[in-house]
Amino acid sequence: MDFQLSDDQRALRAGIRDLLAGRFGRDRMRAALDAGTDVDPGMWGELGAAGFFALRLPESAGGVGLGLPESVLLFEEAGRVLLPGPLVATHLAAGAVKGAAEGRSVVAVLDAGRPVSHLDAADALIFLAGEVVRVVEGDALRALVRGARPVRSLDPLTPLHRVTVPAAPGDPVPGADGARLRLEGALLAAAEQLGSAARTTDMAVQHARGRKQFGAPIGSFQAVKHLCAQMLVRAELARTAVYAAAVTADPAEIAGAKLLADEAAVRNARDCLQVHGGMGFTWEADVHLHLKRAWLRAGQWLTAAEAEESLAADLDRC
Amino acid sequence: MDFQLSDDQRALRAGIRDLLAGRFGRDRMRAALDAGTDVDPGMWGELGAAGFFALRLPESAGGVGLGLPESVLLFEEAGRVLLPGPLVATHLAAGAVKGAAEGRSVVAVLDAGRPVSHLDAADALIFLAGEVVRVVEGDALRALVRGARPVRSLDPLTPLHRVTVPAAPGDPVPGADGARLRLEGALLAAAEQLGSAARTTDMAVQHARGRKQFGAPIGSFQAVKHLCAQMLVRAELARTAVYAAAVTADPAEIAGAKLLADEAAVRNARDCLQVHGGMGFTWEADVHLHLKRAWLRAGQWLTAAEAEESLAADLDRC
Amino acid sequence: MDLSCTPEEEEFRARLRQWLAAVLPGLPARPRPDDWPGRRAYDTAWQRMLYDAGYAGLHWPVDAGGRGATPTQHLIFLEETEKAGAPYVGANFVGLLHAGPTIAAEGTAGQRARWLPPVLRGDEIWCQGFSEPEAGSDLAALRTRAVRDGDHYVVSGQKVWTSHAEVADWCELLVRTDPAAPRHRGISWLAMRMGAPGVTVRPLRTLAGSTEFAEMFLDEVRVPVSHRVGAENDGWRVTMVTLSFERGTAFVGEVVACRRTLAALAAEARANGRWDDPVLRRTLGRLNAEFRALWRLTQWNVGEAQRSGGVPGTGGSVFKLRYSQARQELYDTAAEVLGADGADLDREWVLDRLTSLSYTIAAGTSQIQQNIVAERILGLPKGR
Amino acid sequence: MDLSCTPEEEEFRARLRQWLAAVLPGLPARPRPDDWPGRRAYDTAWQRMLYDAGYAGLHWPVDAGGRGATPTQHLIFLEETEKAGAPYVGANFVGLLHAGPTIAAEGTAGQRARWLPPVLRGDEIWCQGFSEPEAGSDLAALRTRAVRDGDHYVVSGQKVWTSHAEVADWCELLVRTDPAAPRHRGISWLAMRMGAPGVTVRPLRTLAGSTEFAEMFLDEVRVPVSHRVGAENDGWRVTMVTLSFERGTAFVGEVVACRRTLAALAAEARANGRWDDPVLRRTLGRLNAEFRALWRLTQWNVGEAQRSGGVPGTGGSVFKLRYSQARQELYDTAAEVLGADGADLDREWVLDRLTSLSYTIAAGTSQIQQNIVAERILGLPKGR
């Protein structure tokens, strides 16, 4: 019984970390932000080539044949660097939507009642409606896009649209389990939140070490120290929950992981902003991007209210 | 428009403070605790003589003719020194139950579904049942006491009994308004909570000034400083809410006062305990008595859930 | 304890309401947030209307051209203008509420005559040059240098978080005139023309995407010595004196607005069905208690200031600590009410949620405020 | 990441379960909380049963008489005994988990032979004399003096928070042997007989009304120099070495118990109707996430300790900070479930609520733990 990563898992994480550092370092991220580009097809292809989307497809189907624990490591890295795009949806669509596994298709998700992220970039949508999973593409997608209303998005790297659910929402994906897909989506989003929470902890600590006020690094003051300590506690508890849920794939454990990771991402971003003081309130600092993304993700796949209810229902089973 | 106390109000407060210091100083309080005596009839009479119970009765009825603002000042002082006994109920019963105004009768409250405090000492009960207020005394009270089950009380100075509501619960008090009585009870309990919250703030600050660890008073460490600062903030906000509600007698304002004062009393007692460290965990320190009493009072007259619902309903009126 | 108003105060309120009802419908449309000249014109026109109606400098001393109103009257003014939806003080903020009072208290007769009337009439706009990149919470660490050269100071350095810099005529500037003196002792207060050569203003974009603030770069700007208010190297005291002009009224309008927002949130929740969620409903109820109490605390602080003759009570830090947190909770709750619409910047309250993030930081972080409460009110010893 | 157990571990678990199922039904009734001799007898009898079954000193090194089990086996042992409702370590706590490991690591062969076997067999009980009234969070400030007199130390001073002092045979004692040395350098570790002349024990009543702890007054108690473990003045290091024996397993039983309590709270809420309150229900759901994660964090920390050969990871402070808070929230929620019965000390969970108050204080306050996390894990600079 050990949470330690295997050598293969370490190598996988190092690989994606290198890829992201090369393709989506801070300068590229800020350039994408200034240009308002959310999905870069070239990078999408590289992610596909690196196995980001096909990771859990069996090797017989051209995939990498790995599991949720490995996916979680990748999504954590994506969350750290604020990588935009419908990563979770495309990953979940691998095998069900042509080109998704290879990163040749961008697949977004349509979750009734919630705005659609990255609609303009999407080649297809997976449509979650109860137990059934459908794919919206081609004419149906074009009709849906025509009827969509753009939303001025809180997160500048996540364009949003309000859509009306199409009358003919495409064919069901055979064998797909909507509840399972939603759980996996929640877990992968939780992994992104974890990456963000860990990153804002690093940012706060780095700032607290360097920034001087009243003749000392602000990190020498207990008030700042304790903010940072609680950030680490939140991130580490979220990490534990996310990794364990990835191994067991237990629904209650996944709900707990999403709940704790959402909270860690949101509260750590806020505390990071507080540690940064006025500098954290500027557009130039990255902390607001983490907070906005964290807020958005907290409303996706499984909200706190949904997670808490499902965790309450689970108490019967303990 | 001013929250400042009038000279009369100051004199009133000073008077009760002196009375309590003389009759219920810390030594007496600890002695009562050791002996397990909750209501001291002699002191009850002195409170009566000082106008504690008759304060709001008109002078024509032998009362002092003052109002809720003055009552609130008295109950705040009672809360500071952990004065035991059914103070609120006896105060509310003045005029309706013989001897209550003068402190010759001890009147407790029977609130359906909740345990009765100080039943053994009570000469009568006011029974709140919806809009009607009844008085239980004499044979009805004796029957009720016989059927009561003592509860091992969390608060050693507040004995509790579980009772069954009597079949013949006495006659309605003419002209009494149950809803109004309940609100006034909530406000006076809030004033006691305020006194407790202010007292635990003082205790924490005093300890933080004197106690040295790591070569300095612990109050020089930001972590302790900030605990104390938040205690003051809670106590002062509660004070504002309680005083304002006493002046306006507005139901929503009273609900807000109870909610904020309950929270201030409970959380300040806990923070006071934290500031005291291990010493706060001993029976010898008074902090646990404040916490236990605060917990009890939070469950009396108006709970947080009830207050929040009533404050939510009030939002229509804003 | 007496929370009622005097007959004079009620009469003041009634006349103000009458005037607001008469003039507000005739106001032009508000300019867009990024239309700075438009905003200046709008704000100064409103100030001129206040001036003509006798409401300008309501809380200023009479000998400075003000109306000498009590803090309570000022509170009533702020409460009623907010309730009526009147324009905010906007671009006139620094002139009316900070630089002006400083000059009124510490300036010479000539300085008062030169600078105060244009502020009251809305003719001149001031901005504030206090904060610096390396001097945030620790304001006294400011580095902007002013070197004496005959009857001028030559000023070089960098300021930040300057609002309305683009449209201001004057800047109240804190500079270091004696680098050798202890931190608080070598600072002076200067009035600097924004048009002076060497002043460069660069908009500073906040996380809300707007440019309410600017950075200001000063490169050998010449400021006449006669534009110094107070003695040389006495600028720290001069500034602190001014801060004591704050009479508990700083957040009156905001608290009134928050209570209105809360009622609107309840209405929205009833409309969209989320009112049926007891978790949300009880949170709204809790916030009702919170903002009712904060409103009463505002009145309390104003009452204290009125009695003490303007010296600020200790209530300011207590208020700010709780209010800044409550305001953030209010807009977090707004996001709950909005549900999926909480990510739509065009929906009401979403931008406010972003700007609420500054409340625990600006004008003294909550950490600094807690130190103040602990040390100055509770008397706990300073940290080692 | 592999959360499954090895076949050996599963076999260990299965045998343990079998044994527990066989012996637990035959145990006598538990003594009352204030029956100290009864508690000693009960706890030592259980320890003897463990010894006879080969489970005593499970995590001790083999050469100290232990079983040399891995941290994971120890975790399984603690998990299964808790789930089966077996007795707690009780009076054997200090001997098995602190004094014993200290002697095993730092004692001479003779000291190990004298003191360790009686601990494993349940023949001798130890208590701990570390804390003092003036040395709480700041343990190194301890003042109890030990003055050398021939082959004895003469010890005087006062200790506090000593549990099981009334029934202990030995006390592991930290004393100051060099008052002139820097705080951490002049301390020694002694084994003191509780029956020695000059030892006075006075029960210390906690806010829960019980006397789990005692004060201990030492008046010229003579302790043989041969009862010192480690070098003179090296007691601080000796103690810290022992603390490093903590292999993440300290709270295994408690976390298992908290999860069971949570399920029981849900059942009680369903029974009494409060389950229909979404505010309470969602709080219970939240706590489910919390304790599930804390259980996984326990496993993680144990895994780390196993890999590092017993050196404690950084996870301990992280765990304790969150767990102490979650435990308090758990019992606050229990009070919500109980409603008006929450004031009844005879109802389950009410006393637990009181004792949970010590969790953010004992064994390093949350404030100290946050310093540790910030300085040792995050590398933030020490305060000035």
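Note that the chains take the letters A, B, C and D in the order they are written out, and that residue 1 is the start of every chain.
Assume contacts are C-beta pairs under 8 Å (C-beta built on N, C-alpha and C of every residue); 3 or more make two chains touch, one makes a residue touch a chain.
Everything numeric here is computed off the predicted structure, so don't read it as measured data.
Enquirer: If you average the CA coordinates per chain, which chain's centre is most distant from that of subunit A?
Expert: Measuring from the centre of subunit A, the most distant chain centre belongs to B.
Enquirer: Report which of A-C and B-C is connected by more C-beta pairs in contact.
Expert: B-C
Enquirer: Where the CA atoms of subunit B average out and where those of subunit D average out, how many Å apart are those spots?
Expert: 39
Enquirer: Distance-wise, how many Å sit between the C-alpha centres of subunit A and subunit B, to the nearest whole number?
Expert: Taking the average C-alpha coordinate of subunit A and of subunit B, the gap between them is 51 Å.
Enquirer: Could you tell me which residues belong to subunit C and also touch two or more other chains?
Expert: 277-279, 282, 367, 370, 383-384
Enquirer: Give the residues of subunit B touching no fewer than two other chains, as numbers and ranges.
Expert: 221-224, 226, 305
Enquirer: Edges wherever two chains touch, nodes for the chains themselves; is that graph a line, a ring, a star, complete, or other here?
Expert: Topology of the interface graph: complete, with all chain pairs in contact.
Enquirer: In their shared complex, at which residues does subunit D touch subunit A?
Expert: Touch list, subunit D to subunit A: 1-5, 9, 72, 259-260, 262-263, 266, 278, 281-286, 288-290, 292-294, 296-297, 299-300, 302-304, 306-307, 315, 318, 321-322, 367, 369-371, 373-375, 377-384.
Enquirer: What part of subunit D is in contact with subunit C in the complex they form?
Expert: 277-279, 282, 383-384
Enquirer: Spell out the part of subunit C that touches subunit A in their complex, as residue ranges.
Expert: 131, 133-134, 136-138, 141, 160-161, 204-207, 209, 277, 279, 335, 339-340, 342-346, 350, 354, 357-358, 360-362, 365-367, 370, 383
Enquirer: Where on subunit B does subunit A make contact in their complex?
Expert: 221-223, 226
Enquirer: Hey, which residues of subunit A end up touching subunit C in the complex?
Expert: Going by the criterion above, the answer is residues 113-115, 151-156, 160, 212-214, 221, 223-224, 270, 273-274, 277-285, 287-288, 291, 295-296, 299, 305.
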